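One structure coming up, written as structure tokens, with questions to follow.
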Amino acid sequence: MAEAEDIEESLFEAPPLAEQERMVEAILFATAEPVTVAELNARMPHGADAGQALELLRKRYEGRGVHVVRVGDAWAMRTAPDLGFLMRKETVETRKLSRAAIETLAIIAYHQPVTRAEIEEIRGVSVSRGTVDQLLELEWIKFGRRRMTPGRPVTYVVTQDFLDHFGLESARDLPGLKELRAAGLLENRPPPGEALADDADEDGDQTDMFEDED
Amino acid sequence: MAEAEDIEESLFEAPPLAEQERMVEAILFATAEPVTVAELNARMPHGADAGQALELLRKRYEGRGVHVVRVGDAWAMRTAPDLGFLMRKETVETRKLSRAAIETLAIIAYHQPVTRAEIEEIRGVSVSRGTVDQLLELEWIKFGRRRMTPGRPVTYVVTQDFLDHFGLESARDLPGLKELRAAGLLENRPPPGEALADDADEDGDQTDMFEDED
Amino acid sequence: MPDGDADFDTVEARLAAEALIVDVDGFEGPLDLLLTLSRTQKVDLRKISVLALAEQYLAFIERAKSLRIELAADYLVMAAWLAFLKSRLLLPPDPTDEGPSGEELAAHLAFQLERLEAMREAAAKLMARDQKGRDFFVRGIPEDVARVRKVRYTATLLDLMQGYARIRTKDEFRPYAMDRHHVMTLEQALERMRGLIGYAGEWTDLSSYLPEGWETDPARRRSATASHFAASLELAKRGAIQIRQTETFAPIQIRAVPVG
């Protein structure tokens, strides 16, 4: 009986950690898109702990020409940014974004989830359909949950592709985010006089930021 | 003069070998085709020795999940051949059972044990081999006893898997026609006046039908 | 604007003012223009004089008008609002007046400007980051991941019940023969023959037992013949009828077993 159990156990035993690390390495290496820990675990043998193997792998690649980077809840291998100069040949000329598109993208990233009306309030001009479409097409933004305010407007949030493109681990790592929040500059302050009417609307806005999206 | 030469020399000094190795690593990783040593040298800073760096890199990746391999007279990085099995991604696609299959299954559940001819009689159309095979394959139905009638036709009954899937303790827990009607599941109202008679009819139907078989 | 000239007494200021006017189309609305104007105050945005800014903006609008530059409506709306704000800021507060004070309105405008400025800086920082495909790169030769597709079929109890309900309701008002096109089952034939056989004291061709509408169409005829033949074998086995066939391929005849 004890023997049978032993056999069964060894049959389902996870491979050694070093081997798991090799597996994670191979999978991340082969895939251009970031891979989540859940996907890694699903592809690896039963009992493997991709998270732990990933941590080892990440350390191994520290300081190398290729890095293991975190992108949201996924992982990917990317060349070290300081070697970009070697790669000029590989550079893909991306469509230049308009100033409006860049600002809109930044507002979505820093204020997410954010409605079109809020973007317009911050920029002081209306947001053209084309600007949002362009960002959606690049898959840098996507629709978030609808805001629970009258009209239930859609919100926009940034995507994993956005994080991947700008080498961000998460939206929390946006440059200067903490300072902006501390300075109250990520608030959606209603104009004086409209305070009461708007308050009910926008309430909970900035405290919820990122929380319900992650 | 000598000083100027020194400066010039250091300006064009090759980076340390470890740094060259990083460069080769990044180039091999990011380039879409295998790269020759000559191409590596052309892309790397003046004075670098790509061949030597490549040799170091190849050794570093020995036994890892990724190998540096020679492809003709060029070099590339590839996942280790023994990990090829990880490069399969299993996607499970969930599909709704066809209407014919659902109806056939329903008839078997309500009338079991039931022959193919009886299913056809109830459905009013012939039952394709494929439909029955699919249900057998799903292990939602199985063969029951042969009917003691001419031709000794096989009967079908539902399985424990079926009960598990639909959260039923037994096939007798299936709601009767009267309950279906009460729940609004009978979209078509029977012609007035026939409702009562039918109800009584159908209700006894599914409990008694073929009772003598089990 | 009488003191407009005083504002533009240096060449530099004049050039700057002209640049603004020439570029009026380049501004993304009044807030953008206000932000640009506020930079001429050369102070931290938090210490900006909104009153001075309002005056700058109004002067700008006046000059644009005098140069017959078409201004979009929102520029004029902002001008009207800033004129109102200016009067609020300059006049002593009227205690009977409800609504926000001039200071509150000014503070909000300053906040809006500061927030827009902050977002512009954030956008610049974002674009200055290392970017994929420019500073860092993905694997150049992604390996094909073989996709193994597995199909799982599902159905809910509701599907099942609806399916069953559908069939049973269909039965309720449709004569079932209508649904059966070319198939006659053994059970069906047996049922028919049981009813008919009592009347068959004489040898009768089996084919004459075929029901109406099943004798002509070949598919229907084949099915009916087969099921009736099988049914008659069954009835013969039970001892209810007798069967005979005089020679190969001759008509098959049946009759009820004579009583007694």
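Residue numbering begins at 1 within each chain, and the chains themselves are lettered A, B and C in the order written.
By our rule, contacts are C-beta pairs under 8 Å (C-beta built on N, C-alpha and C of every residue); 3 or more make two chains touch, one makes a residue touch a chain.
Here's who's who by UniProt: A, B = SMC-Scp complex subunit ScpB; C = Segregation and condensation protein A.
Note that the coordinates shown come from a computational prediction; the quantities given were computed from them, not determined experimentally.
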item: Arrangement of touching chains [line / ring / star / complete / other]; value: complete
item: Interface ranked first by C-beta contact pairs; value: B-C
item: Inter-centroid spacing, chain B versus chain A (mean Cα positions, whole Å); value: 27
item: Mean-CA-position distance for chain C and chain B (Å); value: 25
item: Chain C: positions in contact with at least two other chains; value: 137-140, 143, 145
item: Interface hub residues of chain B, defined as touching at least two other chains; value: 26, 29-32, 79, 87-90
item: Touching residues (chain side chain B, partner chain A) in the complex; value: 21-27, 29-32, 43-44, 63-66, 77, 79-80, 83, 86-90
item: Contacting residues of chain C [partner chain A, same complex]; value: 28-32, 99-101, 104-105, 107-108, 111-112, 114-116, 118-123, 125-127, 129-140, 142-143, 145
item: Complex contact set, residues of chain C against chain B; value: 137-141, 143-174, 176, 178-180, 183, 185-188, 190, 230-231, 233-234, 237
item: Residues on chain B engaged by chain C in the complex (per definition of touch); value: 26, 29-33, 76, 78-79, 87-97, 99, 101-103, 105-107, 109-110, 117-118, 120-126, 134, 138, 149-151, 153, 166-168, 174-175, 177, 180-181, 183, 185-188, 190-191, 194, 198, 202
